[in-house]
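Lettered A, B and C in written order, each chain numbered from 1.
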């Protein structure tokens, strides 16, 4: 059966290319599964259209394809490519650029150069982090998109639509957050969707289903991640607008899934460790909100990346699993390309 | 005799735990010696009470214990644990949190999560820096505490008591510093105490004694470090308030001891090299004061860490000594946990 | 012949010392050639005198010599030393300090300590980056000079002459850039000279000649680099003052040469890859202009360093050449000192 599939893939390069890209979409959430990827793209399209920002969905797809094509041009190893490991960061760059910059022809050129560069940066950071056998995660997207956003301030023809105005940080003040249970649930689902810069709870729900298709553990941990992060941020008195938009949730979702079932087996000690990592992700999220305020760029998924690196590097004996092995009820493959 | 001691330790886990934690206090200054550690804790208690901030001393002890317990839960290697190498960074996190945040029950939860995370970060950074066989030094404390301080700006219920207000840097102006010899000596002693965020010259004196108990070289180099740094900062026209509070001294103290007698043998070339490193630490201190001004956080011991890394990494033939060997008149052990 | 030369060098330490330093000047542009170095120094002298800032040229030479002497004192490997690999970063530190700080006796002390430290930092960063077999490039200069500039804000007696005032970034606005072909050509030549912080088109021309003496590929790529960067920055609507002063050109020049003919052989795929790297360098330049605005320091050659690292680390099969091999019509040696 596997043999047949492989043969079929070889025989149909177009089908293989589509499969590769769908897996790329799934790999944003560590899922090496084209159906998960397709559902995730559906969630992005839904959210983008609902927000009257179709360019965000188009950008995500264009970024994904540009990144994958760049990887092919650079002759990366085929196994990693086919698992979608060169698609997920460019997809996010492609979603970020039209979210924050005006929809002009020049923006699309900027996006494509950015997505191609994201693939180069993926290869570069993979070389660096392989030294300690941890993956580069979504940091190629974060780093490249930080450069692209910061640079936009200096180019009159690349105009900014919605970056926060640079300002000195102030301690948060203002009203207590007063949310109903329904509001809370909506915020938590938005937290899942915000992984893809989508502010829509239906999209969040679709993404949870997409995860469950491949791994029930991943879906459960994503849900726990956004619940913990949203309650914690609300409980500590974080800015109400950010909490309700799910902006404290998305990095925590990724940390919970990564630490809880992707890079370790989900045992009780691991789950406790992943919980500490998820709590710390919320602190890092808040910290980056402060640190980046003077330069007017969002933290993207950096809180997830920093917290997950710090919790993966200790390599404690919490029954880690090799990245290339399958776990659970799904086929969660490793997320770091082979060198 | 060693055998008996080891047996005694095994027989009395409570005593071993206390010994471990006292060594942890000593290791902030690279001293693997429980008496040094006890005297250092005395200095911290003295300074905290004198400043009517007992929570700083309590926080230091709580952080030390929480960090050590976390290390035990993560089953780190026993030899490093028993040398106190998992205690010193959480101790500093525990002193920093109540120094800058209001004394509320929530602050204590924040502190304990912070101290536990500091241990995880110690393991992570040790993995990274072992690549070049240099220790992580106090950077786990610095990094974790930066996150905690920056995050506090975003949480209404974690209120800030004394962080500097974020502002754009300006060239220092104002009056010439006019200090008597006695003022200078006081400032220099405060420089030693500020390693532990303590603004008290008596505490500085106690810490010098604590060092001398274990290593006369360490005590002498600490004294030279604070003298050089204070005179240099005053001579270059640094802000008078910072100089008199010893804020230019503490990182220089650590660099002088680290380069002068901990990681190298104190020969003349080494002492000259350590002097250049100490001078550079003062520049890095001033640089970070500027760079961190817009985000309102202190540099902590980062100037020591950055300067010492840069001066250790060249691994010149200045008679370096292996970290696990004893030197001098004391038992200065290496400060980087075994991977 | 080579044997005779070597013998001659051994016999005349003063001549060898001068040769070493001239190669150091050449290595800023990756040229292991004393004539190239001499012409570059001529260009710096010309530009400094034209700007009535002779201290910049004197500083460059003093920094070069101080850095080389420090390397000799630290007994670095002779082969790397003789290729000038310990001279180029201190030379740049020596040019930067009098460009931005007032010309006082204290400034010269500051410069010499800075240049000596740059050599220590060169050794440190070489140790780190050897892990991935990429060179430290000019980052020792960048890092040390960032510290020196930031520190100057805190020292009343080290007064700043021309650093940009710290401010929050704003999107660039203002008039369209309206340049004649002659203006454009002048700006592009200034872009080459700005590698050495020189704002003079004649100096740029001399440097192109200096490159051609050693490698026609390097000269051609430097020209292409500044043309692409200047046109791109102007086309995207960057600040007119920066574009005309060549400030978008200098890092791109270095990236184009480094990726196009120093670390890879100049084949078509390599040239395309180098072009993407050069474009990305312009984005990083703009990004750092934004990110560094609140702390009032220039980006120096950091855009070149970051972009070149990211494009070297992937180590794609684009016919890379070993750093110690000669290429092309010249003798372009590797730029990373042997560990």
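To be clear about the criterion, a contact is a pair of C-beta atoms (placed from the backbone, for glycine too) under 8 Å apart; a residue touches a chain by one contact, two chains touch by 3 or more.
Quick caveat, the model's predicted, so the values are computed rather than measured.
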Magnitude of the superposing rotation for chain A and chain C (Cα, nearest 5°): 120
Proportion of interface numbers common to chain B and chain C (over half same, under half different): different
Centre-of-Cα separation between chain C and chain B, whole angstrom: 36
Interface hub residues of chain A, defined as touching at least two other chains: 131, 168, 294
For the chain C and chain B complex, residues of the former touching the latter: 74-75, 106, 113, 116-117, 120-121, 123-125, 127-128, 131, 146-160, 166-168, 294-296
For the chain A and chain B complex, residues of the former touching the latter: 131-132, 168-174, 235-239, 276, 279-280, 283-291, 293-294, 309-317
